[in-house]
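The structure appears right after this line, and notes come after that.
Just so it is clear, A, B and C label the chains in written order, and each chain counts residues from 1 on its own.
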Amino acid sequence: MPTGTDLPVAQRAVFEGFQHSWLVPLFYVLATVALIIFFYGVYRRVGRYRAGKRATLVRGWPRRIARSLMEVLTSRRIGRRDRYTGVAHAFIFWAFGFLFLGTTTIFLDHDVLGLVAPSLEFWKGAFFLGFSVVMDVSAALFIIGLVMMAVRRAFFSTFRLSYRRVDGKQQDRSAYEREDWWFLGQLLLIGVTGLLLEAFRLIHDHPWFQGYSPVGLAVAKGFEALGMTAPSAGEAHFVTWWVHAFLALTFIAYIPYAKSVHMLASWANAAARDEKAAVVLPTQETGAQTIPLTPIAANLTWKQLLAVDACTKCGRCHEVCPARTSGAPLSPRDLVLDLREFLGGRRGTAAAAQGTLSAAATALRDDGSPLISADVLWSCTTCRACIEVCPVGIEHVPLIVGMRQTLVEEGEMDQNLAQALMNLGRKGNSFGQSERARAKWAEQAGVPIKDARTEHCEYLWFVGDFASYDPRAQRVSQSVARVLHHLGVDFGILFESERNAGNDARRIGEEGLFESLAEKNMKALSQASFDRIFTTDPHSYNTLKNEYPAYGLECEVLHYTQLLQRLAAEGKMQIVAPQDITVTYHDPCYLGRYNRVFDAPRELIRLTGATLLEMPRNREESFCCGAGGGRIFTGDSLYGEKPAESRIREAAGLHGIESFVVACPKDMAMYTDAAKTAGYEQQIAVEDVIFLIERALGIGAKTPEEVNA
Amino acid sequence: MKKVLAFIDVVDGQPGEIGYELLDFARQAAPEAELVAVGAGPQAALEGLAGADRALWTVADGYRPDLVGEVLTAAIVAEQPDLVLVGSTAVGMDAGTYAAAKSGYASIAYVRSLEPLDGSLAAQSVILGGKMVARVAVPDRTVLQVLAGAGSAERGRVPGRPAQVGTLAEPAAKASFEGFGRPEAQDVDITRHDVLVSVGRGIGDASNIELAEELAEALGGVVSSSRPVVDAGWLPKARQVGKSGNKVKPKVYLALGISGAPEHLEGMRDAACIIAVNTDPAAPIFEVAHYGVVDDVLDFIPALTESLRVRQG
Amino acid sequence: MRIAVVMKLVPDVVEELVLSEDGKRLERGDIALKANEFDEQALEQALLLKESSGAELTVIAAETGDVDEMLYTALAKGADRALKLVGDGLQDGIWNAQYAGILVDVIADVGADAVLTGVQANDDLDGQLATWLAAGLGWSFATVVSGVEAAGESLIAKKEFAGGLTANLRLPLPAVLGIQASPEPPRYAPISRVRQIMKTQSLEEREVTAPAGSITVLSLRPPEKTGGAEMIEGDVQAKAARIAEVLAQQGI
């Protein structure tokens, strides 16, 4: 290979081998048309978002853009739980990025600098050589990534890629598959023709710097071995150039019209993503319109409209959703896709353009049913697994709650659910029991419990509904009282002044009830004297911690496992009877995924001496018991297999598990039942973490008489 | 006390059990009084009323609420009885209070027994969902709505017709009768089974009914239920025991997770052996049960099924 | 058609029932009151009739406690008017005969040609309101009704008997119905709408005087324990085994 300074400057002509003078302008005309189509598509999409409602965005744009940039650049959220797809996507993404930058570079150099300041052209020399290597390797990675994706799609039996609906509706979704394959295929063709172009050019020119295109050179050598000569390569180059150009231009043109729109929308959506989505639900203005079950653009926020476009149909939410898993008609993916089809379709767009709610705009599906059925909406447990797993930051739960508000407004709900809401409204508890009976469990706790309304206490224990009224959960409350008493914690409760915190009511879609409960609780809290709050119920914990500040709550809110963890760190927990048992731990959705409390309960379990084995689905991936979002009130008629039973079976699959440990009163109820109905009652004990602690601390329950004496 | 009227329920040509119960109840409460049976229905319905001294009867078919109300009113006006008994049933609810109001009589409902009070009577009425019993003075000229089970139908039913049967002309009625609706053909007739495994709200969920089915199978019986279970759509209406469902008299009635609302007790209290399982030791069902178990039915049912299988080998 | 739905407050038996000092009645200040659940069924049935035949719907309740929320909720559910009957002595509760005595004039003034109310209530010791009213008004009536449809100048009512038997009755208007159950469960009224109604609508009030009651309660007390069941103790296996033995003794 020639070396050094005696060589000509490394560069190549842009429209090499064009024999007719009109061909170059033709290309520019086509490129301009493609760009016009592209920008029109973007304009139309943005127009639809603009038809949406205003959305109050959480602050911190710079940080969020940086975060989304990192997520996109690293393919981190795509690679989570799926390394193969993550790697393939990273290959395609990075290669596409470099190839796109490469084309842009040529454009800048040739079409901008070449016209205005030819002396500044830089696409030559050392830069050109480095550029060649990068482009060459990118093309190879691009093709590898796409082939990996094609192999996955064709040969892996990946459940989440199946477009079969779960709500029983018939829909021909082969167009989705064709779109997927077209997307993959076109990119692959662009990649392959690009590589061929390079190879043919090398055969034709054999420039001294051909070694800077190693992959292209290898391909060129192959063609030469098959007998290709320089003149035939020149001809082939010309034809391939146009094929490549045509494919690339049509790709650019259709980006905003098809699956490829995710290249724009997903990124934007990832930036707009709210980390507290579903954790803090937006306040519903009194009298404000809720989201109809057949919404038009004007019913949704621009952010929700963007999210609907951002979906790549990757199916992760479809795979993890406990409702879908249990045979319920809800699939978060299909919810999003249904909305997208409707909003992007003729009716949706027309209505969006008018921005009004005309009779035609509320048009239903052809069979007269709403776009999103009530059953689909009531199936949701609000477990937040879909939001957690979505690589592009779609927030399904607030959307579902928004539509549930419409159902509540129209009174379309399960009779048991209506009863629970009426009970919450009338008596402040979902059981419909007397408010005076709220603290009845305390009489049997065996330790004195302060009345926070009359005495100051360091900790105000917000007990919650289930922990107060459910007989199984009452044992948990009594145990917590004994342990805290033993550890010398100064705590008290609100007795009958406490109401359900309203977390579930709000997620059922009964915003007015939530407000009313929050106001009553805030009144009770403002009349009590305490420094901090702790709760036993993760649902109450979530709303007190995250949503009550809007109602004026200013103090620290802890889950009892966090409080105990602190006491343990202070060395106050003297383990006298280590628990020699093997257990597994179930992360409650509202403690784990919602509030990222994963370690406190685990540390406490280990502290008791128990051996902790993790279920396959743990921490962020924990599988919902099926009780959240009001589902505990509705019965299981929408569900085939109960999620809690599936979870118990998952635990039973671990070797030697004796206890299924929970940290949520609703879990106590759900899993005690599930262990019975699934037939594991003899094998696995369902216990709250507090039971382990109480035993480990060696506390013998005292009788009420002893306490009073 | 000189004269007592007992109103005989007749629906679809058939006299209800309650009529015989009232005859017995009247005899127990006022043995010396003249007892007059009153009703509207076919002549054949008079058979079995020989326990009454007389009958005043309107021949009528179908069913019209104001007709039964007017028949009873006419009988009261004609006879001027001291006491009128109607059943606390769908028919008695049409007739009793209406006739009292029309004829200027007092009205007392939900009566389970009468007791002497200074030469007169006091009624014990079960109210407030069975949580309270009211003792109410019974003035002369009162219509009592008597709960099912207050008298014995067995004692009250005497073969033959009353010695004297007078006819009451059919009064004008505003309502018109357009036919009976019969319950759909039932897979199971719970009134014909010796063993009923009856589930209430305590069963928790539709899917747990399967547990009761297994137990019923082990016992050679069938599953029945209280109203909430039927209202929830977990079992068909034909399986419902109680006031608005079926009245049953099995050999064994297992009440699982049924608290025992008065309406339910009315439908099953005559079972020969009642076994109740409930988490609430204060549940009213334990008042009528012969054997009681305080436990979660979801724990108890599988345990009992297992015990039975062990016994049967 | 103009429908009047008559509702009343009854003691909430889930809560503690506190007796007065003389032991003859409940201490009304110390007990919880709630809408009679059968009246809620009657309201739902009336709302369904309104929806199917465009009736005008007035909800009426005597102020025998705090009836405002019950009436506002009825408005939120779709009632057109809410009428609160106020007067001396109502706060201690009234018997149905007295209530009917008040209502006869009120219903005439409202111009209702159909009255729907609950088939019974947990405290109607002197008989049921529907028949007291039917007799007082001289209208056609039916009780234990579980479905009503409008048919011109009459109503078609489905009356329930024991054992699932029903009768279809044609009741010429005006008519009084004692509702056992509505075809649909009572609808839920969202709290925000109830609050909205409280702000934008007001209850109509009417002064009434209750006639004297006709029955004398001598005492009120919880039912005596009759001994009841033989309670089986032990763990669940032991209890199951004992019950299996009992069943065997019964020849099962």
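Just so we're on the same page, a contact is a pair of C-beta atoms (placed from the backbone, for glycine too) under 8 Å apart; a residue touches a chain by one contact, two chains touch by 3 or more.
Just so we're clear, the structure is a prediction, and the values are computed from it rather than from any experiment.
Engineer: Quick check: more C-beta contact pairs at B-C or at A-B?
Structural biologist: Ranking B-C and A-B by C-beta contacts puts B-C first.
Engineer: Which chain maximises the distance between its CA centroid and that of chain B?
Structural biologist: Measuring from the centre of chain B, the most distant chain centre belongs to A.
Engineer: Report the inter-chain centroid distance for chain A and chain C in whole angstrom, where each centroid is the mean of the CA atoms.
Structural biologist: Computed from C-alpha means, the inter-chain centre distance equals 48 Å.
Engineer: How far is the middle of chain B from the middle of chain C, if each middle is the mean of its Cα atoms, in Å?
Structural biologist: It comes to 21 Å between the two C-alpha centres.
Engineer: As a quick test, compute the distance in whole Å between the mean CA positions of chain A and chain B.
Structural biologist: Using C-alpha averages as centres, the distance is 58 Å.
Engineer: Could you pull out the residues of chain A that touch at least 2 other chains?
Structural biologist: Correct list: 415.
Engineer: Enumerate the residues of chain B that touch no fewer than two other chains.
Structural biologist: 231, 299
Engineer: Return the residues of chain C touching two or more other chains; collapse runs of consecutive numbers into ranges.
Structural biologist: 185
Engineer: Report the residues of chain A in contact with chain C in the complex, numbered from low to high.
Structural biologist: By the definition above, chain A touches chain C via 284, 286-287, 408-409, 411, 413, 415, 418, 421-422, 425-427, 432-434, 436, 510-513, 515-516.
Engineer: State the interface residues of chain B toward chain A in the complex, per the touch definition above.
Structural biologist: 204-208, 211, 231-233, 279, 298-299, 302
Engineer: How about chain C: which of its residues touch chain B in the complex?
Structural biologist: Its residues touching chain B are 11, 13, 17, 26, 96-97, 100, 119-120, 122-128, 131-132, 134-136, 139-144, 156, 158-172, 178, 180, 185, 214-226, 228-232, 236-237, 239-241, 243-244, 246-248, 250-252.
Engineer: Within the complex, which stretch of chain C touches chain A?
Structural biologist: 14-16, 32, 34, 77, 185-196
Engineer: Using the touch rule from the top, collect the residues of chain B that touch chain C in their complex.
Structural biologist: 11-12, 16, 62-66, 69, 89-91, 93-94, 96-98, 100-102, 106-110, 117, 122, 125-137, 139, 143, 145, 174-183, 191, 194-195, 219-221, 231, 237-238, 240, 243-247, 251-252, 267, 272-276, 281, 286-295, 299-300, 303-304, 306-308, 310-311
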